[in-house]
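I've put the structures underneath this note.
Presented sequentially are two complexes of chain A, the first with chain B as partner and the second with chain C.
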Partner chain A sequence: MFKASFILLLLTTGATLTAQQTFDINRFSDPAKYGWQDWFDRINYRNDLIERQKLLQLYENNAQSVNLNVGKSALIPGWGQYSTGDYTKGHIFLGTELVLIGISAYYYDRAMYNYQKYLDATQVLEIENFYKKAQGDYQFTLIFVGLASLVWLFNVYDVVHSTEAFNADLWQRVHNDYYKAPLKLTPTGIEIRF
Partner chain B sequence: MPTICKTIAFRRGAFPQHPIFLTLALLILLATAVRRGAFPQRPSFLTLALLILLATACEMNQYRRGEEMYRQRSFAAAIEEFDAYIETGNNGALRTRAELLRSASYRELALMAIQRQSWQLAIRFGKLANSESADTLLANVYKLLADNSLEAGKLSEGQFYMNLVLEEIPRSRHTPAILFRRINLAMTILGDWNAAWLDYKKLYDLYPGNEYEVQAKPWLVSYSNNRIEYAKTLAETGFFRDALTILFEMARYPVADKDKVHRLISDIYQTQAEIAIAEENYLEADRYFRLAVSAYPENTLIIDTRLSQIAGLFIAKGNEYLALYDFTNARIHYHKAFDIIPDFPAAKDAISRMETVQANIQQAENLAVQANKLDVQKKYAEALLLYREAIQLHNKAEYRQKVAEIQNLMEAERNPTAFAQRIVNDYRNGLLNTRINNVKRNLLVMYKPNEIRDSGWKIMLSTGQYKYEARYDILTPRETYFYLWQINLRDRSIVPLNKISEALMQ
Partner chain C sequence: MKIITLLLIVLVLLMACGLRRSNPLDPIGHSDVIVPYEVSGIITRASTAGQSIKFYELRWSANPTANTDGYYVYMGQGYNANFARIGSVQTNEFYEGGVFPGDYYFRVSAYKQQNGGILEGRLSQVCWVRVPN
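== the complex of A and B ==
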C-alpha cells in the first residue's frame, strides 16, 4: 500500500513536470497575442502597467513575507496565521497542536511508567503484562505525535496560503485606494476627481 | 532564431494544490508508514513531506521560477512562466511584477534578434516588450530598415518604415531625422509640397530649433510665399476665413515673413470691418478692428481713428433719437459708443446733454402744471410767466398754445369788443375788411353812394364764454349783404355763421 501510494504520487508529479509542448515561434512572437491589436492598445496597456508599477512600492511596504510566516508557524503553530489576521485558524492550529501534544505526552508518561514497572517486575505474568501495556501506550504516543506532526505540517502549508491571500488582498486594497482616491499625484501634476 | 526559444522545456503541470488532495495523499502515506513501523525508523520521510508541501503550496513559486529563468537568461521559458502566472495568479502585485519582467524578457529577445539581424522577429518582440526602452529598439530597427530600403531604391518600403517610426514611436530620437528625410523625399521626388509642409509643421512643433528643422526651413520659404499669395487671392474674392486660416498657419512657422503675414491678416480684418460698417453692424466692425490691431499693432493709430468715427456714428444716431425725445434709444446708442471706445468723451457729453434735456422737460412739465392751476384761478399774468419759463426749458407746442390762449384771455378780460374787432381786422392780414371793401366798390358801380347803406362792424356778445359775434350789413335797393361771424376770443378763431360769410372768407 505504501509503495503503491508513493509510486502514484511520483508518477503524477513526474508526468506533469515532464509534459512537453511543441514550440511555435510564430505563436510565441505574435504581437497580438495579448489582445493588443494596434498601437493604441499597446499604449493603453503600457500606461496601465506604469500606473500599477507605481503602486508596487506601496505594496512592498505592507506585504508580508511567506518565509517569515512559515518560520513563525513552524515555531509556534498558528503564529503565522495570527500575523495575517486569520485568528480563527490560528486558534484552531494552536489549540489542536497543544491538545495532541498533551495527549501524546500523557501516553508517553504512561508508557514510561509501565516500562519502569516492567523493568521492576520479577514475575513472568507481570513482566508480560507491563511490557504489553508499555508497548500499547508507546504506540498511542506515536500515533498522537504523528497526528501532531500532521497538524503542524498542515499548519505550515496553510500559512503559505494565508500569507498569499493576505498579500493578494493587500494589493487589491492598495489598487482600490489609489484609483478611488479623490486626489492623485500623476506625472503631469495633481489630479483631482469630483 | 527558433533556437533562441528552444529552451522552453515544459509547461506548468496541473499538480493538485488544494490542501484536501495533499492532505489525503499524505494521510495515506503516513498511515501506511505508521502501520508498517516505518515512521520512527525513517525520520527523513517527514522532511520529504514538508518539502513537497512547501514546494506545491506556494503560488509564488511559479513567479519565482520565471524570475529564476530570467536571471539565467532563459527568456523564452521565463515568458512562458510569467504568462502562466499572469493568467492564473491571484496576487495583482506579483502579476504586475511578472508583467514587467515579461516585458524585459521580450526586450532581451528583441536584442538577441537584432544581434542576429532577424529584423522581423526583433520587431515582433519589440512590440511584445511594449516599453519605452523597447520602443527605442523598435525605432532603431525601423530606421535601419527605412535607410536600407531607401538605399536600395525601395521608396514605398522606406516610406512604410519611416511612417512606422512616426506613428508608433512619435517621440523617438529619430523623429526629426525621419521627418527631415520625408520632407526631402516629398519635395525632391514626390513633388508633394503639402505633405512636405505637414511634415515641416510637425518637425517645428515638436522640435523647434532642431538642426533638421533649421535645415528644412529654407526649403519651405517659396512654398510659404505661394501660400501667402493664394491667401491674398482668397481674401480678394471674399473668402476671408480661408485666407485667415492660411495666414495664421503661416504666421506660426518661421518660414514666412511674419511682419508681412501679420499686416495681411490686419488688412483682411479691416476689410471685414468696413463691410460690417457698410451693413451698419457697428459692433461687428469694432470687433474686426480690434482683431486688426491685435494682428498688427502698427495699425493702431489708423484703426483708432476709424473706431472714433464709428463711435461718432453711434452718437449721431443717438442724437437723432434725442431730437425725437426717444431717450431710451438715444441712451442705447450713446452707450454703444462706449463699447467701441471706453469713456469716449463725445459719448459722455452726449449723455450729459440728454440728461439735461430730460431734466428740463421734467421741470417744464412741473411749471406747466403750476401754470395750469393759476390759469384755472384766472391768475393769467402769473400763469403766463410760468408758461414762458416752461417754453424756455422745453419749447413744446402745447406750452406755446397755452401762452397764446392766456394772452388772448388777458386781452379779452381787458376789452373784449375791441379785442374781437382786432381779431376781425387781423384775420389773414385784414382779408375780411379788404373783401367787404371790394364788395362795396362793386356796388358803387351799380348804385349811387346814397343808395348804399353800410352798417359798419358791429361786435355783439354771443352764446358761450369769450365768444362774440361780428356783423357787417350792406344794403342796396335791390341787394342785401348780411355778414355774420362768431369770434372765439380764447383762441382767436373765426367761424362764419352764414353762407355769404363763408364765401367771403374763401
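== the complex of A and C ==
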C-alpha cells in the first residue's frame, strides 16, 4: 500500500515538473496562433464573430423543431413535411394514408355487413358463406390498416430527416442571403453593398 | 430484406386475426351443434293427364330423428332459378293439391331445433315434376 502510494506521488510530481518545464508563456499569449497577424486581423475576426452570432439568431428564429414536426406528422401524416416545405412528400403521405384508410373503412363496412348476415343466418351453407365473406373482408381491412400503419410510421421517421435537412439548408440559405443581400438592416443602420 | 421480413411478419399476424364465430348455430364454433343431413332419394309424383284434381307429391328418404326435426320444401321456376320456401313438414313427404298444370322444380332441406334457433341443413339436389293438363 505504502509502495503504491509512493509510486503514485512520484509519478504525479514528475508529471507536474515536466509540465512546468514545457509550458511556454510566449506561445500561450501569441495572437498569431489564432491566425491574427496584427490588430486589424483581430478586429476582422471579432466582426466576423458578431455577424455569425446574428446569423445564428436568424437561423434559430427560422429553424424548425424536430419534436414539433414529429407531433404534427403523427397527428396528420404529411403535416410535418408540409411545414418543412416538402410538399411532394406531404401530398404523397397524406394521399396514401387517406386512400389506405378509405379502403380499410370500405372493407370493414363490408365485413360487418356480411358478419351481421352470418349472425342472422340459420342455414348451414349461408352460415359458411357469410362467415367466409366477412372473414375475407375483415382480413383485407387488417391488411390495409397494417399498410396504413407502416406508411404512418415511415412518415414519422421521414419527418425527422426532412426537418434535419430543412435546418441544414436553412443555415446555408441564411448564410447566403446575409452575405449576398445588397441591402441589409443592421442595428446601427442600413448597409448597402455594391 | 429486413423490411420484407418485417412486412411478412406483420401480414401473417394480421391474417391470424379473425372474426369470432359467435352464431350459436355455427357448427364450426360450437361442437354441440348437430347439422341435419342433406335430403336425398327424392321421388316425385303428379296427377295424370285429364285428372280433375291436379296435384304433385314429393317423397324422400327420412333422416334419423336425432338428426332432424322436420323438412323445408322449396320451389323454383327452373334448375338454376332462385328457390322460395313453400312449406314445412314434419314427415318425409309433401303433397300439394289444386295446382295448375306445368313444370315444377323442388329442393328439400332438413332442419333441427337447437341452441335457441333452427338450424337448416344443405339443400338437396333439384328435382322436377310435370303436372299434365
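Methods note: the second predicted complex is superposed on the first by the 123 of 194 C-alpha atoms of A that agree within 3 Å, B and C clash if a C-alpha of one lies under 4 Å from a C-alpha of the other, contacts with A are read in each partner's own complex, and residues count from 1 in each chain.
One rule holds for everything that comes next: a contact is a pair of C-beta atoms (placed from the backbone, for glycine too) under 8 Å apart; a residue touches a chain by one contact, two chains touch by 3 or more.
The structure presented is a predicted model; accordingly, all values stated were derived computationally and were not measured.
Participant: Please name the chain, chain B or chain C, that touches the greater number of residues in chain A.
Facilitator: B
Participant: A:150 contacts which: chain B (first), chain C (second), both, neither?
Facilitator: In the superposition, A:150 contacts both chain B and chain C.
Participant: Where does A:131 make contact in the superposed view: on chain B (first), on chain C (second), on both, or on neither?
Facilitator: It touches chain C, and chain B stays clear.
Participant: Return first, second, both or neither, reflecting whether A:46 touches chain B, chain C, both chains, or no partner chain.
Facilitator: Only chain B; A:46 stays clear of chain C.
Participant: According to the stated criteria, A:34 is in contact with first (chain B), second (chain C), both, or neither; which is it?
Facilitator: Only chain B is touched by A:34; chain C is not.
Participant: Looking at the overlay, does A:63 come into contact with chain B only (first), chain C only (second), both, or neither?
Facilitator: The first partner, chain B, only.
Participant: Just chain B (first), just chain C (second), both, or neither: which does A:85 touch?
Facilitator: Neither partner.
Participant: For A:142, using the defined touch cut-off, is the partner it touches chain B, chain C, both, or neither? Pick first, second, both or neither.
Facilitator: In the superposition, A:142 contacts both chain B and chain C.
Participant: Who does A:119 touch here: chain B (first), chain C (second), both, or neither?
Facilitator: Second partner only, chain C.
Participant: In the superposed arrangement, what residues of chain A touch both chain B and chain C?
Facilitator: 142-143, 146, 150.
Participant: In their shared complex, at which residues does chain A touch chain B?
Facilitator: Where chain A meets chain B, its residues are 1-2, 5-6, 9, 12-13, 15-21, 23, 25, 28-31, 33-34, 36, 39, 42, 45-46, 49, 52-53, 55-56, 59-60, 63, 66, 70, 142-143, 146, 149-150, 153-154, 156-158, 160-161, 164-165, 167-168, 170-172, 174-175.
Participant: Which of the residues in chain A come into contact with chain C in the complex?
Facilitator: Of all residues in chain A, those touching chain C are 111, 115, 118-119, 121-125, 127, 131, 134-135, 138-139, 142-143, 145-146, 150.
Participant: Could you pull out which chain B residues touch chain A in their complex?
Facilitator: On the chain B side, the touching residues are 1-2, 5-6, 8-11, 13-16, 19, 22-23, 25-30, 32-34, 36, 38-40, 46, 49-50, 53-54, 57-60, 76, 79, 90-94, 96-97, 99-100, 103, 121, 124-125, 127-128, 130-131, 167-168.
Participant: Any idea which chain C residues touch chain A in the complex?
Facilitator: Within the complex, chain C touches chain A at residues 7, 10-11, 14-15, 17-19, 21-23, 25-28, 35-36, 109, 117-123.
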